[in-house]
């Protein structure tokens, strides 16, 4: 089932200079899509346009067959959740209180959190296996722990599509792998779309890859098909060979000396 | 801390503050330059027409200024923001001073010309600041604060000009130093709607204020209409500031110190922060005003002086603490 | 029946005029100048409250205090006054506040020496001290007349202007009066604030007081009552006389400062230090200050 559909999307900060150009793709439920490409290729811009932080110049974005620019901000927030590259830890909040912020689109004006909201928080905590952190102050977490809390906050939003902007950038190797494994688990019942810098990491964990350059989609599909020497040359102007990871049978690029 | 114990803690804090507030209000009724004996309690004009309105007005002004501070700090995501930094107080004071200087007398419903003019000018001040900062595109907190600083300086100049042109020295001192000495029942009815609306809106917008803790963009992704929320909350903050300024002149530091202090105790959750700050602001103001009118009796010290004497060192201490703890 | 009616009418005449003529018995003064007037009118027994700034006559020290610059409403109310006398122009905020509360406020706002005397008589009438008020004003007037006489005395260089009238038959001219026209009116300046320099402008009580001494206030043209004045301006205008309230600045400061030394009033030793209270309070003592200033100018 298609949960996210992008059609002929153009967007950017200046009307005469779109950063994402005429892009079309769709994401199904259960997909874990990795968006890769060189710096300045428009990965983050694309995510920002999908979540509604950036005005769409042309084309449309549909979530569960509804155009997001026709939905109330609150309704969009119930369908798409966003985890930014760097979220500020709010001094004075516990992990639970921070995750509860993810329930904002479900709160009414005069009524606040209900049992249902607390259940969603508990569920998000267990999905990310951070039940133990529940009452910890958010300022006393390690980078990896905080990233999981940030994702749990987005999960508490009960979104159909979970967008993450470079979720592994500030983490060490161990947490990079852990987060990717978590995202692989989280793709069930929803779709996960994340941007990555590390091609190998993306290729190893994602179900699909999208390679973009200068706002245009160069290649899309299974990691093995996207990660070819030709595509890498096209996108990064780098000569590389691609080998299979013997254990996962996934593509892995190796720089030529 | 678990959910339950958090709720219990909030309940305890609110109960203690409410009891303290009522006790402070009650005892300050019996403090003053004139002794009121228990047997003349019911007929005492001083008690019912002077002290009671004054104590109530002190509480309302404390509520309005501290809640304005919470709102502005939340909206601007800057713990050092308050009505003064945005130039709202200065704008309101200019409006009030102009109204007095030209001697205008009109009524809007039951509200006199001075508070109405103060509110108009406070709104004008916010509008100017808002438009100035918006000129660069989407409003960002930094430009908003800078525009407010510029406007404050401009308003201060206009205020000074009015002082030089009209001779009424005493009124000017009142505006600059701030005092609750003009309290009467009329004043209370003038500011009560502003306090009720302001407090209510702040409380019922606490989910937006909470979401804004994560930043404007994250709040947007959580379904908050940031632009709209900001307009409503800044409008309400200026309404409360203008109401407070028009009855008590410029009283500083309440909007800065109280929310800051309360945040350290109960945390940043506005669901708790707003009511606790409101109660603390009321309590603090009642105590400060009682001190102001009794310490040098029969002379009164303008409360603005006391606020600055207490508030400024406390604020510096907070700043130092923030630097040391690297927050 | 008739008797009862007569008795009623008698009662009416016996009691009503008395109640009409009921004069205030508990008076609160909201300003030092008003306290001075009330004492001059012999109302010492009726005064129940004064401000902490009231220091003349010295007996005021024993009266209840109602605050200083800002007045304490509850203290005033507790004194249960039947008359609160205040200065309209100097304390408009307190006047409004007290009136709003329903206190029996009576205000005055004298801007000339003549108005000060009028207000003294009015207050005297209201408090049943008309005779005393007339005496006070008479004493003031006598002082002022003496000053005017002194001022009018011609000095060498002054012109005498003859005021001529045709006699009744239209043939001869009668000289009815001589006016002394000072060729050069003494120029004076009253400084009431230092750093910044603040002086007395036109249409103020002190400006009017200068008229009596025959001197002209060099700052009379400014639009503000008490304008800020630049030292440059002061040097340019270079007044013959400078009047400074006591305590505003010390004589050594003038002696040490080159700017002051360049002024001809300082060079000629024509700087007068006067009692600040007397100078600033629109009360019975204005005549004394006028006398003092005139005495200094025409010494």
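Should a chain be cited, it is by its letter among A, B and C, assigned in written order, with residues numbered from 1 in that chain.
As a working rule, a residue touches a chain if its C-beta (ideal position, glycine included) is under 8 Å from a C-beta of that chain, and two chains touch if they have at least 3 such contacts.
These numbers were taken from a predicted model, which means no experiment stands behind them.
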Chain nearest the global centroid, as defined over all protein CA atoms shown: B
Chain at maximum distance from chain A, centres defined as averaged CA atoms: C
Cα-centroid distance, chain B relative to chain C, in whole angstrom: 43
Whole-Å gap separating chain A and chain C, where each centre is the average of the chain's CA atoms: 83
Residues of chain C whose C-beta touches two or more other chains: none
Of all residues in chain C, those that touch chain B in their complex: 52, 65-70, 72-75, 77-78, 89-94, 97, 100-101, 224-226, 228
Touch list for chain B against partner chain A, complex: 1-3, 204, 206-207, 210-211, 213-215, 217-218, 220-225, 263-264, 267-269, 271, 327
Complex interface listing, chain A residues touching chain B: 51-53, 72-78, 80-82, 84, 87-88, 90-94, 96-97, 101-102, 104-105, 107, 109-110, 112, 118, 135, 157
Residues of chain B touching chain C in the complex: 32-34, 45-46, 49-51, 164-165, 167-171, 173-174, 179, 181-182, 184, 186, 293, 297-300, 302
